[in-house]
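Notes follow the structure.
Chain lettering (A, B and C) follows the sequence in which the chains are written, and residue indices restart at 1 in each chain.
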């Protein structure tokens, strides 16, 4: 799969010279686990092609069991691919053990050695690499400063809070100056406030150290806020790769549209190029390449849909449906409406998310409304 | 069971109507709760006081008593003579032999069991289950019979000796030597070492080994720096479980040992059974061995508590 | 003392090529070691079992297969007496120890009161004390107690089935309590609170909620008690009288005089009993895992 070409929200420097170095390259990577008791083998990762650029914050996003962690573990060297090639900065490492790979991992459970102090944990990798004792001590001290754990060097992991353990895990990996840092849902065990604070901190840290981060998460918000680029996975397959904006605004498949954020999924029938018709008979403008008469699935984000009173002036640049408000949910910073269209059986249902800025017109259940969206915000899905 | 648990009527927590809460009532309710807990345990405690603590006290008392010329124990004329005899050369010889046989048994069991337990713990779950059952069977099987199997194997017209003679070892004699006793002890107590080791290795968080490998450790380094220190509680538990019964062994040296392989357990038994009985001396030996065991067990809990 | 609990074979699968598994060459060495250990554990028992069907008066010389010694065993009055003594002692001591041990476990795990730590120690000591010390203690106790009873009432009691049973209860209480406590401590205390919240009295909560949940632990403890009672030689030898002995004590006594084919057969019988108990324990622990 290739990028859609849309690079909204993507950092410029990663591809400033047009040919960014590839930090991690996966080609046709497949992983099959033997099935339980005579059952068929389980395909955890299925023919993944992927290029992660040097210096970017790259997220592997998907629900649990989608193969994202297995993909990460194959980059780390904890699993060997059944087929395909894993390259780190151009060097084939697919069958190398993890201790011979220039990458380090921050584990989901942190995997801090319980019998060692913070300092010993952080210094472990340098000790294994036989780094000079003085230099190792200096680097350990530096990285402990970096993650703000000064004064806790001789504590055992159990004596630290969850957030502090997380920092130790980070320091233990970063101290080795890995070429790529792999993070397996590192914030999953933290509570919401701490998680949000750590998201910011991690992102800033990544920008400061300039190391390529490969970040596994099932939390779409986390992926959208932190990443330069995101790969969405499901069922072992790579569905879409792109910047957060591209993934969000132009989901390629129904799964991506549904998994990332809230979305309206509408059925439509293709007509001439540039137009289509909803089941209730409404004609809409739509970019598509399908033959007239074929079925389409259209995604429109609720926040891309506007709400007006029916007596408002008709704006011909927008597509519209008239209907009645069926449900109003107050979300604090926004209000979510559900509108049922007047025509069709079943009628078209559309969700609208409207920010609660001053001056915005509010509606109640039963109010007659007109739902409108710009044709450019409607996306045709591939499945 | 019904005698140990009070009938529901006396339950104040559920009494109706509920009394208004207050500091005095709260304390009274807690007190009633404590008393109920004590009453539940009381029959067991009473039993153990009568049939365990009291017998223990009697042994301690006997250890200070005198043995009459005719072998009877005289309760009176309290003295420390029996304890003084612990330093006799004969006793020290036996104690020393018990110690090294027990230590050697423990070491052999550990060396054999650790890789074995590691192998077991790293098999796929369904194979692991079967292998584990194969370890459990000897663990739960009668120790006397299992020791007897070796007596039979090693006896002068037994299959093992016949085999050795057949391949040319005419004067092969294993039975009635300390070696035979050790074989028997290892055979008897090997599962006691395997099971706690297996339990700790199986519980070990695999991601710790992965983390070590991720941080450039080779397989061996990861083992020595992570796996071994983290499974030490299992090593200690297994060692104590093998050492304690080996040190006080009575049945195994009786069956497999000879004149030159008397161990403390059989030496104590000899003070009570047979013609040369000396109850005060046997009691003093028993008290001493019990103290040694308690020191070992305490060490076990100390180290266990520190590491877990 | 985790060894007393049947460890479960965990559910987490170690992947075929996971790093937690040793390298192939090391793995082969480990496998070799494992098969040697299994051979060491099982060959002696197997040889013994085979030779118990040996139709020859000399134990080590094969004289053809027969069940002659089993026939002799079942008609030998002393063996049969000892067998029944063993079974009686084991069953009675197991029943008593299971009730007392379970109560002690409940008292330790579910309540707080003064002196609890002392009783905890008292409950634990019989587990770590060497057999021989326990045997000596109980022998002196019964001798002393029976002397006192004789002086006081003129009745002369003698050691036998009764004393062996009392002695076995003394150590089995602790083992049962140990196993049941492990089960109880893993039990969510909120379940009992939920029962109380739903109007169950304390006794009802115990009968309807706690007991069914710890039942596998209680059964496991009872099986352990049964096994330990059937295994015991040392304590039974010390506290049994001239008239009645248990089967292990009989075998032990016979062994001092030498190895006979009859003892082979008796040994295999005892082994069969043990294996039956293992399989029972496994079934119990499987049920426990399923819950």
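The rule is simple: a contact is a pair of C-beta atoms (placed from the backbone, for glycine too) under 8 Å apart; a residue touches a chain by one contact, two chains touch by 3 or more.
Keep in mind that this is a model prediction, so the values were computed, not measured.
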Exercise for the section: Using the touch definition from the top, list the chains contacting both subunit A and subunit C. Expected result: B
Problem - Selected pair, greater C-beta contact count between A-B and B-C - result: B-C
Practice task
Calculate how many whole Å lie between the centre of subunit A and the centre of subunit B, each centre taken as the average of the chain's C-alpha atoms.
Solution key: 56
Completion exercise
Whole-angstrom distance, CA centroid of subunit B to CA centroid of subunit C, is 14
Completion exercise
Within subunit C, the set of residues that touch 2 or more other chains is 13, 16, 18-19
Handout entry: For subunit B, residues contacting two or more additional chains
Key = 210, 213, 219
Problem - Of all residues in subunit A, the ones touching two or more other chains - result: 36, 78, 97-98
Exercise for the section: Write out the stretch or stretches of subunit A touching subunit B in their complex. Expected result: 36-37, 76-78, 97-100, 103-105, 107-109, 111-115, 124-125, 128-129, 172-173, 176
Handout entry: subunit C-touching residues of subunit B, taken from the complex the two chains share
Key = 1, 4-8, 11, 13-14, 33-38, 40-41, 43-45, 47-49, 51-56, 58-59, 62, 112-113, 115-116, 118-120, 122-125, 128-129, 131-146, 148-153, 155-159, 161-162, 187, 190-192, 195-196, 198-199, 202, 206, 209-210, 213, 219, 237-238, 241, 244-245, 247-248, 250-251, 254-255, 265, 268-269, 272-273, 279, 282-283, 286, 289-290, 293-294, 297
Exercise for the section: Please name which positions on subunit C make contact with subunit B in the complex. Expected result: 1-3, 6-7, 9-14, 16, 18-23, 26-27, 29-31, 33-34, 37-38, 40-42, 44-45, 47-48, 51, 58-61, 99-104, 106-108, 110-115, 119, 122-123, 125-126, 128-133, 135-141, 144, 166-167, 169-170, 173-174, 177, 196, 199, 201-204, 206, 227, 230-231, 233-234, 237-238, 248, 251-252, 255-256, 259, 263-264, 267, 270-271, 273-275, 277-278, 281-282
Practice task
Going by the contact rule at the top, pick out the subunit B residues touching subunit A in the complex.
Solution key: 126, 205, 207-208, 210-219, 221, 225-226, 229-230, 307
